[in-house]
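The data blocks that follow each hold one structure.
Common to both upcoming complexes is chain A, partnered first by chain B, then by chain C.
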Partner chain A sequence: MSMIRIPEADVTGWQCKTCGEPLVRKPVELKYLDSLFNVELPVCPACNMVLIPESLAMGKMRQVEQLLEDK
Partner chain B sequence: MEQAELRHWERKCIQEESPRCTAACPLHVDVRTVCALLGQKRWDKAWATIAKTMPLPGVLARLCDAPCRDACVRSPLGGGIEMGALERFCAKHAAPVAPPRPLPSRGKAVAIIGGGMTGLCAAWEMARRGFDVTLHCQNPGGSLLDLPESQLPRDAFLREMENLATLGARIRTDVTIDSTLLDSLLETHDAVFIDSDAAPLSLTDLGQPDEITLGTLHTGLFASRAGETSPVMQAAAGRRAANSIERFTQGVSMVSGREQEGPCATRLYTNVEGVAPAPAIPAGTGYGEEQAHEEARRCLQCECMECVKNCEFLKHYKSYPKIYVRQVYNNESIVMGTRQANTMINSCMLCGLCETLCPEDFSMAEVCLEARRTMVRKGTMPQSAHEFALRDMAFANGDRSALARHAPGAETSEYLFFPGCQLTASAPDAVEAAYADLRQRIGSVGLMLRCCGAPAQWSGREALMDESVALLRSQWEELGRPKLIVACPTCLNILRDRLPDAEISSHWSILRALGVGGESVTSAPLAINDPCGARHNPALLEDVRALLDQLHIPTVEPKLTGATTECCGYGGLLAEANPELGTAAARRRAAAADEDFVTYCAMCRDMLAKTGKRAVHLYDLLFPVGGDPGARPSPGYSARRENRARLRERLLTELWRSTGDDASLPHESIEVRFTDEAARAMEERRILKTDIQKVLLQVRETGRCFHNSETGHSLASFRPTVVTYWVEFEETDGGYLVHNTWSHRMRIMGGQA
Partner chain C sequence: MTKTPRSVCPVCLRPVPASHETVGDDTYLIKECPDHGAFRTVVWRGEPGFGQWARPKIPSPPRTPRTRADRGCPLDCGLCEAHRQHTCTAVLEVTWRCDLGCPVCFASSGTGAPADPSPEAVGHLLDHVIRASGLCNIQLSGGEPTVRQDLPHLIRLAKAKGFPFVQLNTNGLRIGSEQGYAARLAKAGLDSAFLQFDGTEDAAHVSLRGRPLLDAKLKAIAALSEAGIGVVLVPTVVPGVNDHDLGAILRLAADHSPGIRGVHFQPVSYFGRYPAAPGDSQRITLPELMRLLESQTGGAVAAHDFMPPGCEHSHCSFHANYLVTEDRELSKLSAGAPCDCTPRAAEDGACKAKAFVKRQWAQPEKSLPMAGDAPDDLDAFIARASRHTLAVSAMAFQDAWTLDLERLKGCCIHVVAPDGRLVPFCAYNLTAMNGETLYRGKS
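Our next item is the complex of A and B:
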């Protein structure tokens, strides 16, 4: 998970609607079944709302989830 | 799984048993591999394979009388494979092979007396096992040297004698063979073996040696039984002597576990259905390359694989049950590390076809279901594998869908109709019509809408299953223990198993008895698709056919039907735990007939429909609701739930004149529509309309979401319990249009819902 880079194209155009801020990359903690991961993700700099794009959720995240479930 | 259970299952699967040829071969030459290699014109490799097992191969291959031929499975289909001729071809045409490399010296000396085929082979076998071997004879080869050059060229014989020397065996011809020699050899050697057909009679006067050990009355002295004329049996006697002397010098049992030495029986089963006869290629004066190739290609490459050939799941994992059961066993023993067989274990459809086809009744279903139960007990079952199906079961048994009542206006029920939660989800109108028909024709019929518990059963959740059955039982008892009328074959199995004290009939047997009639709705024949749940229910199989007959519908049977029917891919929750494989299984079944299918399981109907195959449920024919039933799409997961809930609402208001007792939940008021792409993503990712409504309700309440100025779409997430759902949407008049949706189970730390 630590090696994850989200391609710019997957998040272009999105900004926080509530705060009107463009997103920035920030380390975010993700947790599943007692495992913690630190991943750079697009985040609203004002309210810290995190965006998980489809490619990440259905790709790498899913793989890691299944791997952890088999541990 | 206990070790003993593993052994039990491993013994059952006979895929690794020897083919008949190899079992019949006194030396157990790997005929099947040899034929495969010759079939690829790999002459040298074929010869090396023969030489690996055969002592003095250049001699024996030329003389073998090939008892394997008559044992060959090909025998009634053109004649057994001419292995004798194939071996001679190899001996003549293939590159010579160096003798095997002997094992390290054991420091044990063995003397052999007599240098006929038996004695030479014994020397070969013992030398390669690391014994210090000395062969005593005046004329090595004995009567072999009398054979014509055409049968055994002198060169070939001498080459094997050289190989014997390379193996380390010494030959002493400068001795007088008599009892003095024997006595001194017995003094100086760890064991002595006499080739009884090549030693003076005075020495063979020891009484008949033991059949299994070739032991004599004199400890440490072994001898072949005189009078053997078959060269390969002589070679086998030499090997038997070597095996005995090895055991003798090691001090282990002389007799146990020797059933497989020499010609033996095999349990391998090979199905020859559909194999065309092909005559043997005459051996004449010996094969050339073309003839050897053609003859070898007649070999059937015997194996069992009956189950694997007919099951998408077993085929997918590229092996066979004997291997799979070991993987299941190993999977259970893992303490730290990845349990690689989890998905495999969760991919069996539990359909029972393997057990029906297997000559030894191997049940992969039993193995996998037991493994799932163990995983659940130990807490190692992957959370996501069956969660969606179990949620669906909970919904079917929840307040919105479940119902248990006497017939409208009745105080008691003689019968209770149990359509099953999937039929209710797939064809609610037909269920309503079927219930009306039953009330009209047999009177006091109550109704029970709920799930039989199959998802709990299949996912190995025993506690959940018990709980679900207990609730079902209490409702049934409250209704006065009426006779059950059950439509779904899986429900039928489960209820008969778990409510043994209930009187249970299938709806189909009731309908058959009541009679159905009318115009044939179709003149084109329909292919019958028996659900796997009906496999062991011959009465049901018959009732359904009788009903189709009453409806004047011409039918055909796919190749696998009735007791050997195939699962649609939903059984065992395959379609949930391993969706791709579930689709593959459904496609396989869909391809089993060119005609439209008619079936009597709602999941079969919908799994087939999802592949694009035209399929009708018998209810579609008996209780038509208009339209083209063969093209009726399979309702999506959300629609299935709504169908159940709406049916309950409608029946309550229309039949029982009671108002629905549950107020709708806040998120259900969110107006939402989906693009085709979003609808597809929902089905594939098991995301329900209600999940999406919950996300949108949160947006409505908090305003929190992302916005994309290029597309004009918004994006929001919400985590109701253990899954975070993302919804990409556009606001429309009073509602939302959803463009895409996805989900993950990982939690974002720091408070984001």
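Our next item is the complex of A and C:
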């Protein structure tokens, strides 16, 4: 399983507000339009809520979105 | 049929009422001239249906119209105040000379051509474009622009004025045969070549251009790719000539990815002098192309992949984008996106199309930002798709038989006339059956 590299500062200290659990890295499937990407992301072990750090959303995910989107 | 003109008479070019009639799966444009009788021409065959191929737009009139809508479409072009779409691409004809004498030619180029416009005149025309349409995409066309010795200077001129994307419409003969020429064009700032390419077999070239040209075209593709100029293959599709070769053209394009950036099919349209109306069997329509692409690629390309355009009128084109995999297979990008049929401002579509063309039809940067030591799925996708994306599209030009003024009003491809007027492509090239033009050669 490949892993998205996230600056440590983005991950350490995060915990799920609902469950109070510290986030752990887990395999996640990202689906956009018809494309599927397997990545590891911080996830709440209790409720499976996934954290997508801002740097990822504004960085690689945005790039992928632009490549997939139509004119 | 309302009394409002919606087409022209193919004999006298008088604006006449017209309507669409669908019989079975096929749609016809029917019209009647009081002097020259009734005309009925196929414009759409089969699925996806004529009615469902729609992407509505809220009209965006020119910011600074050059002409008033006095006489009615298509007699007021300039652009006139009633036009509904901004300029995506301004086509500038820099010569009317040509080193091929094709039986099929929009521009009626060849012998007896008028003198080329001077670099100063080209500069003034570019200034007209900036005033009317801003810094849109520029296509240098002709004739065959590479017959001009100062073509690199003209490219530099356009880039120096700030046009972000300059494309050359070419037959590729000089580019493929003259060592170092493509590199000179690239150095001048050329982004992309719109390369006339009628098929993977010489028979199509002989039929449409009068001589075998496949080898010359392949050399041009190699030279352009090496020089860093994006290549778009532009086949003119003629029934019985090359409509069996569409899948093979896509395979050739995929094999030459990322040098080849796109394939842009153009169903044949009839400009020039025609003693008799072309028969419906001499026409091929957009949905037929979609279905042929599906059947000739074994389904790698599917008819339902294609989307109507966000820029020009829906019935003018289709497009889809594909990732070229390591195995040179085509994998659809952005499949599954439902068409957002909420009417959008036409100019938003023009802006998106301009940006897309600039990004996709030019060659990508050689070095890309890659992730560090452990690239993930997103990195791999970004690295591949940033370079190895193939755009597949088609545009149906309109002639005197098929002209729909609703489509013409939404046109985003504007020819820059020698006096600086911007004229929608199909109006500029329109000819009556006797060859008489509406705009070309008229001041």
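We take it that the second predicted complex is superposed on the first by the 66 of 71 C-alpha atoms of A that agree within 3 Å, B and C clash if a C-alpha of one lies under 4 Å from a C-alpha of the other, contacts with A are read in each partner's own complex, and residues count from 1 in each chain.
Methods note: a contact is a pair of C-beta atoms (placed from the backbone, for glycine too) under 8 Å apart; a residue touches a chain by one contact, two chains touch by 3 or more.
Predicted model, so just to flag it, every value in this text is computed and none were measured.
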First (chain B), second (chain C), both or neither touched by A:28: first
Partner chain(s) touched by A:52 [first = chain B, second = chain C, both, neither]: first
Touched partner set for A:67, first chain B, second chain C, both or neither: both
Which superposed partner A:17 touches (first chain B, second chain C, both, neither): first
Comparing the two partners chain B and chain C, which touches a greater set of residues in chain A: B
Set intersection of chain A contacts, chain C complex versus chain B complex: 30, 33, 37, 61, 64, 67, 69-71
Residue ranges of chain A touching chain C (in the complex, touch as defined): 2-5, 30, 33-35, 37-39, 60-61, 63-64, 67-71
Footprint of chain B on chain A - complex, ascending: 12-18, 23, 28-33, 36-37, 44, 47-52, 54, 57-58, 61-62, 64-67, 69-71
Complex contact set, residues of chain C against chain A: 307, 310-311, 319, 321, 332-337, 352-353, 355-356, 371-372, 374-382, 385-386, 389
Contact footprint of chain A on chain B as seen in their complex: 337-340, 342-343, 382-385, 685, 703-711, 714-715, 717, 724, 726, 740, 742-750, 752
